[in-house]
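Labels run A, B, C and D following the written order; every chain starts at residue 1.
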Amino acid sequence: MSVLVDADTRVVVQGITGHQGTAHTVQMKAFGTQVVAGVTPGKGGSVVEGVPVFDSVAEAVEKTGANVSVIFVPAPFAKDAFIEAADAGLPLVVIVTEHIPFHDMLTMYHYGRLRGVRIIGPNCPGIGAPGKAKVGIIPNVVFRPGRVGVISRSGTLTYEIVNGIKEIGLGQSTCIGLGGDPVVGTSFVDALPFFEQDPDTDLLVLVGEIGGTAEEEAAEYLRHHFTKPVVAYIAGRSAPPGKRMGHAGAIIARGRGTAQSKLAALQTAGATVAEFPYDVPSLVVQGLREAGRR
Amino acid sequence: MSVLVDADTRVVVQGITGHQGTAHTVQMKAFGTQVVAGVTPGKGGSVVEGVPVFDSVAEAVEKTGANVSVIFVPAPFAKDAFIEAADAGLPLVVIVTEHIPFHDMLTMYHYGRLRGVRIIGPNCPGIGAPGKAKVGIIPNVVFRPGRVGVISRSGTLTYEIVNGIKEIGLGQSTCIGLGGDPVVGTSFVDALPFFEQDPDTDLLVLVGEIGGTAEEEAAEYLRHHFTKPVVAYIAGRSAPPGKRMGHAGAIIARGRGTAQSKLAALQTAGATVAEFPYDVPSLVVQGLREAGRR
Amino acid sequence: MVKLAEWRGKEIFRRCGIPVPTGVVVRSVEEADGAVRSAAVALPVVVKAQVLAGGRGKGGAVRFAASSEELRSVVVGMLGMEFKGETVKELLLEPKVVVGRELYLSIALDRTARLPVLLASGQGGVEIESMADDQLVHLPIHPFVGLTAYEKRRVGGAFALSTPASTELGRLLDAVWKAFQAEDAELVEINPLAVVDGHLVALDAKVIIEDDAGFRHPEYADLRDDRTPLEEIAREKGIAFVQLDGDIGVIANGAGLTMATLDVLGQFGGRPGVFLDLGGTDDPAKVTEAALLMAKAHPSVVFLNIFGGVTRCDTVARGLVAAMTLVPESDRFPLIARIRGNNEEEGRAILHSAGITALSDLKASAQAVVAAEASRPSARSAT
Amino acid sequence: MVKLAEWRGKEIFRRCGIPVPTGVVVRSVEEADGAVRSAAVALPVVVKAQVLAGGRGKGGAVRFAASSEELRSVVVGMLGMEFKGETVKELLLEPKVVVGRELYLSIALDRTARLPVLLASGQGGVEIESMADDQLVHLPIHPFVGLTAYEKRRVGGAFALSTPASTELGRLLDAVWKAFQAEDAELVEINPLAVVDGHLVALDAKVIIEDDAGFRHPEYADLRDDRTPLEEIAREKGIAFVQLDGDIGVIANGAGLTMATLDVLGQFGGRPGVFLDLGGTDDPAKVTEAALLMAKAHPSVVFLNIFGGVTRCDTVARGLVAAMTLVPESDRFPLIARIRGNNEEEGRAILHSAGITALSDLKASAQAVVAAEASRPSARSAT
């Protein structure tokens, strides 16, 4: 088992003919993912990297049985692309696109709820379950099948940490990058139950960053509903207030969203907190050992 | 057991200080319903027929534990009243108000879905479960506890038929009047599963009328998913096309929505069809006998 | 429901940004002459009778005029003509155009989905009933998100337009959706949506406004053109009143019960002439209103079928007896009443004492009504 | 994020139907004189420095003038003054009013609820941070239904207004919600919303526009006033560039990794001066852009930390070596690189050959960077 994706995942790539769409189609296929369709309006009938391209998501779903979409279309068109995917009945949509206005994202999020569509992202690296499927852009090289779950608000920092887990000789069950925007389809709190229920996850690594209160809410959830060991790292301890640190969501506003507040909450909830990103792998090993899992 | 309401039902009446609101509060209380609160903005603090009045639904819920709302407010204000009820977390809202624009009702319906609120109505008589609770305006005199479920798009015609069931010596489990508008919160298809699952319902009486395709869809459901006997009556066999027959939804448009089409569909689905409303009670007796329930 | 005349629909279209021809409404030959003289509309013109029924083209309600003389004779011929029961009082004059293609576009309500639905066809100009399903694009529109780009592409695919029409389509679709929402419409239909000189133009406009949204649209209060005068009076009193072809007046409370009463009469050979639904109430005051209204329709016999729920039947009976005394002598009608519910025996006794036949059984009542009608000559006038 | 000056916010308010005082923006004493002479604004006036920082009242950035002479001296005193790091270039002149009450109203985003949230308080005029929670009404607004009547009543309850202000409130709230949506705002704040002569007036306006919605708002393209010139150039190239207080330049790919890199440096006593996030890519062309941009900030030493995911590390290394040759002699900076990922050994070998320190361990790299900084005098100029 894994979280959200598995060997039956059949991916449609919205925006497959764009630079990113094409490049990551190659990477997802190399990972072993069933990329069954692409969608670019007006380019239906063509083939990109062996994947048939359709004019609409509905057609792609009908012809190929796609059950997950990954969206690479530019921000101004992302809302429409998502609604098209939702209307086509897809239950899971990973939105890689960054710089989507949060007003659009509010519509997308609530429309998704109405339609029963789970959104991962936007501005996210997506989901990877080694040996099963990858939907998104996490580099293939960092993965190795195993029993550590990873959930994160950042991209490359996650790749580093996931890679570190691999290098120490362990592997991952599922890694999810939730995205660094102020409004995300799936937050820590939304995703934690999946890992709690996943029999293939023994320990969870949670990678947070400054801004908002997602980590504090995660800590509340961990405290009351999560039984597996957790290793947490929070980026941005040294970030000054009032500045957007790369991610639209990474800003300390009015004294809220500091790394200190998040670290304290996670520690109180029983998570092991890593001071440096390079400390995560050894803390994972230690956590598994203490839990009798290694 | 009963459907949607039971002895734990605690009703808040929105628009309790209006003529209809007050009159039916008296009737609901006489039925034995726990009417715990009323809401009329600006009249908070007063008492109507022994029921405390609040300025907002949220306050009424907080102070009284109300878990169902019934809306009597005039049509121009009904949408806001419903959204207030939904935002206050009520899972069930019965809308008696008639003449709500369907554009408003579209918003209400989909917002209700988003919030997990079931709507009965609008323009409906509501729900009655003899011996438990009544939320709406079905006359108390027609009820008697029993094992016949009734589901209907009309008002007084239903009272007649429910009364007939009483007069023949039987009683009802739950009666639901869904309302005669083109857009209703709960259609036959939505409500049928409740009666299928209700252990206290042995047989269902379905009262339909011309217009739309709700009865045809109900027939499809009955055919595949309903195991209890059904007696159906459809009003409007003699209605001319293109005329609205009292209910906004009762119109034969472009040859669709005729009584003939509905009767045929229900018969094919195995329902016993009553030619006259006064035939329903005896067909109910016969249906129960054949099902070994009497 | 308020069906708007074509020219009113086109006014809405213009306001919402849907391109329409520049036209003039005229109500006399003089006005038609003046419109051409003042260059408000240029010859040759198309003259369109502003009636609500469909099929105007085949029925002679749309004609052409190339000269002022021809226009005068066409206008004289059309004003005052009867078209499917309507008298032509207004004509819309528009410049005659060369139509490249005819498309179909509408938005209406899908009750089952509880969503507005857009219908589009590349083959317009014929009635939608005659279109094959596979010629129609059928797109639900969610009110929370409106028309989306992918849906517009679907319509674009069905229309297969060239530029500039193809580039105009997106804005036109937004405008049609805006018209549907802003006007609280039940139906917005453009048939045909034409391509003229490469551009999209709405050559016809069918807009139906929902009655219940009247509180948001006082501007339509005077436009309920498809009701008879009695239906209009009833509407103001909150009574549903529908005039039918027969002679029996039916008063009942509740739409379903009223329909069922009609059905039962029909089964016994009765021909209902008035459907009067008190609207689910047994309020004696409303019963009085109904009796007075019914009298004006001059039915041969009236069947009153009330299920007394909230009010007691004796109260309803007393209200009815009082009402009958208020009906003018000339408008009196034989009445057979059936009252059920609370205190029904007492109610029937009161009616009997007042000389009104009062029964309890629906079947027997209906048979009595039909027998009473058969024994009388029709007294119903065409009101 | 684009913070709008007060007068721009008030222009939006006016367009959306939020009442604001009639004011004039002036940029010189002559313009201020002219405004009074032409009666565009009547004395006595309030003169408000158009800076983005808060606390203007206490900080002398809001003054009054009763005569033309006084206005001239106030304007001379305020134009060009420094206020919390901003130079005052524009002044807003408005008629001085007698304020009855001061209220607070804003709409912002609640990330957790994923809903806009309206905050209202009957005690305005002070900063929201200083308000007690029980003084604030907190109302989520669902974008699918907008502000509802019951929410307006809640605000009305908090404000406890008399007429006519109480009757104006509903429309004002709709207008604020409209402004929030139509302008793609992150924040619309009216503090104070004042009662003047019994009417509601927005005496201040704070509007922050979301950057990402820029494609819908070309009108704000030139208004990113709170960025340094280098930050502005970076934004155009899609690079997140934040100037901080220290001397070490940090280039990394991905916001989280860049922040983590800063954190590690900080732990070893390093003081980062530039946060440069390539945005999750390891594209060699972008690395080149970043190196050239970084050079302009004149850091004392640069730490490049790249996790090579998609591209191979040797490709990234070659791009970096090429980039360093493009940096002008005067802007050269010492560089310590850490590259991980695909083909990392080869990548490091390429960097070594070009004389660039290349390590693999983050901790060791950070220590080396801090040591390098300590051994150099600061070369960073205030760009």
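Some notes on this structure:
Here is the rule we go by: a contact is a pair of C-beta atoms (placed from the backbone, for glycine too) under 8 Å apart; a residue touches a chain by one contact, two chains touch by 3 or more.
Note that the structure is predicted; figures quoted are calculated from it, not measured.
Where touching is counted per the definition, the chains common to subunit A and subunit B are C, D. Among the other chains, the CA centroid farthest from that of subunit A is the one of C.
Chain geometry summary: the mean Cα position of subunit C and that of subunit D are 57 Å apart. Once the centre of each chain is set as its mean CA position, subunit A and subunit D turn out to be 28 Å apart. Multi-chain contact residues of subunit B, defined as those touching 2 or more other chains: 107, 110, 114.
In subunit C, the residues touching two or more other chains are 142, 144. Contact residues of subunit C toward subunit B in the complex are 1, 109, 111-112, 114-116, 129, 142-144, 181, 184, 186, 210-213, 215-216, 240, 242, 244-245, 252-260, 262-267, 272, 275, 277, 279-280, 307-310, 340-342, 361-363.
Note for the complex: subunit B touches subunit C at residues 23, 27, 75-76, 98-107, 109-110, 125, 137-139, 141-142, 152-160, 163, 180, 182-183, 187, 207, 209-210, 212-214, 217, 233, 235-240, 243-250, 254-255, 259, 275-278. By the touch criterion stated above, subunit B contacts subunit A in their complex at residues 110, 113-114. Of all the residues in subunit A, the ones that touch subunit C in their complex are 41, 55-57, 77, 80-81, 83-84, 87, 107, 110-111, 114.
On subunit D, the positions that touch subunit B within their shared complex are 142, 144-145, 148-150, 153-154, 157.
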